[in-house]
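Below, subunit A partners subunit B and then partners subunit C, in two separate complexes.
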Partner chain A sequence: METVNYGEFSREMHRLLMRDRYPSNGTIEVTRRCPLTCAHCYNNLPMSDSAARRSELTFEEHCRILDEITEAGCLWLLFTGGEIFARKDFLDIYTYAKSKGLLITLFTNGTLMTPEIADHLVEWRPFAIEITLYGRTRETYERLTGIPGSFDRCIRGIELLLERKLPLSLKTVAVTINRHEIWDMKRYAEEELGVGFKFDALMSPRIDCSQSPLAVRLTPQESVELDLQDPVRVSEWKKFAEKFGGPVNTPEHSDEIYHCGGGLNSFAIDPQGRMSICVLSHFDTYDLRQGSFSEGWNNFLNKARRKKMTMMTKCVKCEIKAMCGMCPANGELESGHAEKPVDYLCQVAHLRAQSFGLAVPPHGDCEYCEGGQRYDHIVELADSLRKHIEGGASKTFSRYLPIVSTEKKLTQSSCSSCSCH
Partner chain B sequence: MSEMDVLSSCFVKAEELVTRHIAGETLIVPVKGQVGDLDSIYTLNEVGTRIWQLIDGDTPLSNIVNAIQSEYEVTEQEATRDVLELFDTLQSAGLIRRATKSEG
Partner chain C sequence: MLKANGETEQEALKKEKRRYMKPELKRVQLRPEEAVLGGCKISSNAGPTGTCVTCSTSGS
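Showing the complex of A and B:
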């Protein structure tokens, strides 16, 4: 046997899997219920939502779907929510999935973690666990989550996993409430805990069409300022733009609206068993309670993935798409149409490109490009951001006292809605 | 242990691993407990996959060597070397162990 590192293995497997359109990457949202009430969340429901609970796939339905996706060639599976541990039987679903030979990543907020769950994960080790940390201080974290005591429970969850040497990394979503603590969170993760950390400022309206998360979304300049504060991040963005920038390079598919891996090598399944291209895309769904995974993957999702463009927009020929989060799902949620440009994303992409000194080739009637109505505004913003950073405005750090969490404190501050733990 | 003893032995696969066949590749995925290295995924080439299929707890290695020799038209010496090398690796990785008499 030959030993290769995981990156090489993954690249080679993806190359083989893309060749024949295997559903190699799956995402299953086991529930949308969550003990937290984060202001930015796109899909959370209260723990007490009994209608939501009753509508969720049963354990037996999950097993059938897991059998089918494994048979079809799924290798990497992400379990997400809501909060995955909000389901009392999540560990049963997880263990069944593990026993099928899937490489499983868990997205959790960590607040429902217990020693018993952590011990089970040691026995049935996941491929990766990602905990979202919403702030470095209790005040900020709980301002965003809306739940007193949730910060201590999250930190305790992190400790329980790290004590057991489980493959943990942390991440956050940068919003107006926590943006001043992003670099403190990064330092905490990387330097104090020795785990990976990433963040993203990209967020969308709720999937029930509510625009409420956008109230805490960073402005385009705040978002790009975070990029500029970290030279490594800027360098990664530039590499990404170099690799994925430019026009769509597969002419036979250039008239399609999707250019991601959704429906080509990945799929998402919601708590009620509806399969779609991704967790944000809900216009085309296939009900796995009514049909098989192979039927949904081979026919329904294949057709959805091949959907053709119906309108000529400035996005079609845009060569800085790599700087942008625009996709049909974001278009559906924010503009009500898969192809209609999202102004916010367009601003971020152009400001990012200008700030990084990247060329923006003309791509139709775009107000943020040279000659456009708001081009001067973007250039001014980019200059001002660059001067701000060059003038010494870089990452801000604060000093914190060590965090002490005890079992007693955890019990006292338990959220009453977390009846399952 | 002599080569002769090894060739007359039978081996069983560890129980807590899963064999996946995806896109023409054979993957051995440890799923539970201390089997193999839980952070590793093991892949086998075509010959390795055939050898893996023949490990059933009651087929002596010598029979597996014979099967490989005839199916892949290689010399007995080549087949023996390949089979012993793979078994050594699989055993070191904790993916197989020598079968007890009751398992045979």
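Showing the complex of A and C:
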């Protein structure tokens, strides 16, 4: 029998699936409960939250949904949380999904891993497992997670999976608490363990509207400095900007607000069975306890995905959108409106482009573009960053020239995502 | 060239019935490191419709 490599298979599948709207990628949040209390998390709830536990889909409801999504053509499924293993019956749900033929990725923090769970995963091998490592040292890790003993449990979890040669990779979110250990984490993963590693500084407010995660968010220059410290990362960004440069969705091409794969080839289901375009977007949800997946996908989500733009913002004609994390979900959570630009993301994108020497064509009334009120500031910051890196600051850190203070105590604010305050 | 019914030759060719091709089984080695880049940091959404880059998740 002929063997084809996975990359080739995946590209061909995506090429074919892109022709139509097709639910090939699913994400299921099995719970929001988690044994960790990470400062940056967008959705975690305490393990002891019995109301949250009672509200979660039952095993039988999960089976029904898994039947329906595979019937509709889902092939790739991500199980995430909260912490997936916080559910006592997670392995039952997982095994049922495996038996349906899905290619499954697991996102976990690894702290609840046991030899028995790892053995089960050997028998029912996932496509991929990603563990988030919050620090390279116990002190940093536990400062972010807030739980003593969690570092050792995470490392033990990693060992249990690697001993069994399961398909593991590590990742982290770069925040003020752990940014000085990013490169140590990368070395640990790639050189000591021989597994993949990735990180990102992009984060959002909590889905319950709290802005508390932003208290540990890196400043725009700290975020871009991390990019600049790694020549491979800079090169990848430049290639990406070249490939996907230009406005993503000018009104001439599309008047829809979404331009990602959400609702087009992917969907998300929360612990209570509400389906949405992605795990961050909760403005439009369809209750799978009340209706079928095909009804929700074909009608409700299709309509949500085709929402039209209601305002001409500077994002619409922005040609560096490929360098930016702005999307309707992030707009909802941070600006209170799906289309309203998120200032932080705009700063990061412009600083990134300026630091990489990429042109930023005018795109409306933008304070970070040439002629804008804060353009000189961006240029000055980019120059400082470049000099700092050229001066030997590669993969080390120093905090300087903050644009926005992220140290202040941030409290709840209004949000269009759930209309609470 | 236009045919009698007003179709071009190309259009007529397009309408020809596709030839039957016998289904063929292929083995795919599951290697997540070869996956198409995830399109979004917080999910496994994947594929060219995404706009994410160095960060991201597992693709599919």
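Criterion: the second predicted complex is superposed on the first by the 389 of 421 C-alpha atoms of A that agree within 3 Å, B and C clash if a C-alpha of one lies under 4 Å from a C-alpha of the other, contacts with A are read in each partner's own complex, and residues count from 1 in each chain.
Convention: a residue touches a chain if its C-beta (ideal position, glycine included) is under 8 Å from a C-beta of that chain, and two chains touch if they have at least 3 such contacts.
What you are looking at is a predicted structure, and each value in this text was computed from that prediction instead of being measured.
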{"item": "Fit or clash - subunit C, subunit B, common subunit A", "value": "clash"}
{"item": "Partner chain in contact with A:N5 - subunit B first, subunit C second, else both or neither", "value": "second"}
{"item": "Contacts of A:E123 with subunit B and subunit C, given as first, second, both or neither", "value": "first"}
{"item": "First, second, both or neither for A:Q373, with subunit B first and subunit C second", "value": "neither"}
{"item": "Subunit B versus subunit C as contact partner of A:W76, first or second or both or neither", "value": "second"}
{"item": "Which superposed partner A:S99 touches (first subunit B, second subunit C, both, neither)", "value": "first"}
{"item": "Partner chain(s) touched by A:L17 [first = subunit B, second = subunit C, both, neither]", "value": "both"}
{"item": "More subunit A residues in contact - subunit B or subunit C", "value": "C"}
{"item": "Touching partner for A:P167 - first (subunit B), second (subunit C), both, neither", "value": "both"}
{"item": "Subunit B region in steric overlap with subunit C, selected from 21-29, 39-47 or 93-101", "value": "39-47"}
{"item": "Contact residues common to both interfaces of subunit A (with subunit B and with subunit C)", "value": "1-2, 6, 9, 17, 24, 75, 103, 167"}
{"item": "Complex contact set, residues of subunit A against subunit C", "value": "1-7, 9-11, 14-15, 17-18, 24-25, 27, 42, 75-78, 80, 103, 105, 107, 127-128, 130, 167, 169, 196, 198-200, 202, 227, 233, 236-237, 240, 244, 248, 259-262, 264-266, 268, 278-280, 321-322, 325, 327"}
{"item": "Subunit B-facing residues of subunit A, complex", "value": "1-2, 6, 9, 13, 16-17, 19-20, 22, 24, 70, 73, 75, 98-103, 123-125, 167"}
{"item": "List of subunit C residues in touch with subunit A within their complex", "value": "24-36, 39-51, 53-60"}
{"item": "Subunit A contact footprint on subunit B (complex, rising order)", "value": "17-20, 22-25, 27, 29, 31-33, 38-39, 41-44, 48, 86, 89-90, 93"}
